[in-house]
Amino acid sequence: MSKNRMEAFSDGVLAIIITIMVLEMKVPHGQDLATLQPLLPIFLSYILSFVYVGIYWNNHHHLLHATRRVGGGTLWANLHLLFWLSLFPFVTGWMGENHFAALPIALYGAVLLMAAIAYWILVRTIIAGEGRDSLVAKAIGKDTKGVLSALLALVAIPLAFVNQWLSLTLYVIIALMWLVPDRRIEKLLPEFRDR
Amino acid sequence: MSKNRMEAFSDGVLAIIITIMVLEMKVPHGQDLATLQPLLPIFLSYILSFVYVGIYWNNHHHLLHATRRVGGGTLWANLHLLFWLSLFPFVTGWMGENHFAALPIALYGAVLLMAAIAYWILVRTIIAGEGRDSLVAKAIGKDTKGVLSALLALVAIPLAFVNQWLSLTLYVIIALMWLVPDRRIEKLLPEFRDR
Amino acid sequence: MSKNRMEAFSDGVLAIIITIMVLEMKVPHGQDLATLQPLLPIFLSYILSFVYVGIYWNNHHHLLHATRRVGGGTLWANLHLLFWLSLFPFVTGWMGENHFAALPIALYGAVLLMAAIAYWILVRTIIAGEGRDSLVAKAIGKDTKGVLSALLALVAIPLAFVNQWLSLTLYVIIALMWLVPDRRIEKLLPEFRDR
Amino acid sequence: MSKNRMEAFSDGVLAIIITIMVLEMKVPHGQDLATLQPLLPIFLSYILSFVYVGIYWNNHHHLLHATRRVGGGTLWANLHLLFWLSLFPFVTGWMGENHFAALPIALYGAVLLMAAIAYWILVRTIIAGEGRDSLVAKAIGKDTKGVLSALLALVAIPLAFVNQWLSLTLYVIIALMWLVPDRRIEKLLPEFRDR
């Protein structure tokens, strides 16, 4: 039951984050195609961030599914993750409004990196509570994908000042890498598999 | 349990979408009837979109009720549907603020069409996971109503540039068509029927 | 389970309504007491509406607790109630910003009346599904309090154009009348009673 | 079940409060570091308030976990707590936008104090319903930490007019004091403990 409420709260926060991002696309006053044009980069940023929050929700869902006990440390590690994810609407809006300028792109990467670190801390806190032989420890394993995406975000931050399109490409690559659902946990939990 | 969390997250997102749409009705500064008048088209758009999101919530609720297993593919198909629904506040606001001009009406139809396609993909993903003999496959059947409403939205998009009121009438017809709850599933699940 | 999801969705919508109302209190730019003064009527309107949404949540919670089955008609009767409640942030903001002028006060009463009617329709739909001998039918009884508060709201609307303070007083009286939780249902369901 | 819905509603409201606070950090129009600078105090205020709402969510979660029955009085005591917490986005935004001026700092403390009192009322209402020998009564005990943090907030309010940085330091101290999860309840409920 304790776990359920942490899931419910996280679902609430993630649902709000993913939905208020769309509020950054302010309704324009004109009625022709030209008034929509300045919204295009904001829309593209929104798609990218929607996918990222979706990825985090998906992985969080899988992770909690494999978790049995939730203690005080886990609650705070989870809030810490939600904190960084809550900055997505801000960095998404800033990146979109400035047509993918260097600094906003770098800041986006910084939030991405902090969220990845926060997720890693959450995983470690849960594994510390459940033990090394637990289902969740086996399911996560070495978490190569998690470490790799944090490293790519780390690289993308300084790269933004060289060429921001390269950074942006890295963000898209990280997202695509995760769009495939976490087969490690699905392998162990047959009820997750479609068919 | 896996299904529950996907339902909870969808409920959260749909609840936020349906509620933030009302924020497009900005509180006016005057205090007489004339200051309310420009809000009338926004209010009418809000009613239409409220009904649409209500329809999606209702159908989603029935669909998930008949579903037994939720896999990674279903989670993403669901997020894809939520993405298109999340654009409702934007297109509703734009349509209302421009007093139902042609382009905003067409864009509204485009979002409606994409949501219908996303719902169709979600249904197919679930049926693929549950099998052709499953409860959900029988309950949905050929989904004539779903296909018909997607076709009507497809027609309404170009029609907006000929006469936007015809398009709007089509949107109202689609909504009315769905206001009747999904009897196909209710027929199979007696606990859904109001006596 | 069907009931649970309707409760979850309603909780989500009511939680958002009650919370976004506070966004009408725009953060002022100054830093002294004088900059807070124009916010006072908005704050008072917020308190009144917070109490009203709280009352609806409370009664809704008690009503659903006594309900066993939820059908398609109930889902739409519930969405209809949520629609009128979703207009609370707008009328609250308009009433507050205009320092309780006549027309905003009357519109507030109109939304209050429509919400009361929508609640009454929801109750009747549920009782129609559960039967006259059901727990919920016995618990609601003649619903004198519900009918009385709808009548008071009906009186308050034209009264606003005579003296808006009298209307406002009526709104406060209706709220106070409901602040006492619904003892009718608590009487029948002992697990609701404190001690 | 009654308890579950009160938890779900509180989770919804707290999730929205914690997330809409970030909307006070308006996306700036420039794209260099200088445009971010004025947002720094708003960001720091956001962190502080995020931690506070997190603390309340955490303690609320522990408190309800130890509670067995929820009556009408408890529902209203809970709404009363949510009311004061709902003012956090406003006072956070006002404090941040005025770079921690005296009056906004004092008002922040007043909301903090009222929330602490409301939490105390909620605890007392629950204990009155459950009895002095109940799990929750034993788990809370004399609530020294709760009383102490209310007293510190009470001191911080007038102190803001002498030196606002001292007040702010007190707010940080109160937060740190609570960041440690409520071991009193965890001691009694072993399923809460990590490991």
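The letters A, B, C and D name the chains in turn, as written, and every chain counts its residues from 1.
What we mean here is this: contacts are C-beta pairs under 8 Å (C-beta built on N, C-alpha and C of every residue); 3 or more make two chains touch, one makes a residue touch a chain.
Everything numeric in this text was worked out from a predicted model, so none of it was measured.
Undergrad: Chain D and chain A are one sequence twice: same or different residues at the contact, by the over-half rule?
TA: Different: fewer than half of the residue numbers at the chain A-chain D interface appear in both copies.
Undergrad: Give me the C-alpha superposition rotation for chain A onto chain B, in degrees, nearest 5.
TA: Angle of the fitting rotation, chain A to chain B: 90 degrees.
Undergrad: Report the inter-chain centroid distance for chain A and chain B in whole angstrom, where each centroid is the mean of the CA atoms.
TA: That gives a centre separation of 26 Å.
Undergrad: Averaging over Cα atoms per chain, report the distance between chain B and chain C in Å.
TA: The mean C-alpha positions of chain B and chain C differ by 26 Å.
Undergrad: Calculate how many whole Å lie between the centre of chain B and the centre of chain D, each centre taken as the average of the chain's C-alpha atoms.
TA: Here chain B and chain D have centroids separated by 37 Å.
Undergrad: Multi-chain contacts in chain A: which residues touch at least two other chains?
TA: Chain A, residues with two or more chain partners: 8, 12, 15-16, 20, 23.
Undergrad: Using the touch rule from the top, collect the residues of chain B that touch chain A in their complex.
TA: Interface residues on the chain B side: 1-2, 5-6, 8-9, 12-13, 15-17, 20, 23-24, 69-76, 79, 82-83, 86-87, 89-90, 93-94, 97-98, 101-104, 107, 125, 128-129, 131.
Undergrad: Tell me, which parts of chain B touch chain C in their complex?
TA: The touching residues are 7-8, 11-12, 14-16, 18-20, 22-23, 25, 27-33, 36, 47, 50, 54, 57-58, 61, 64-65, 179, 181-183, 186, 191-195.
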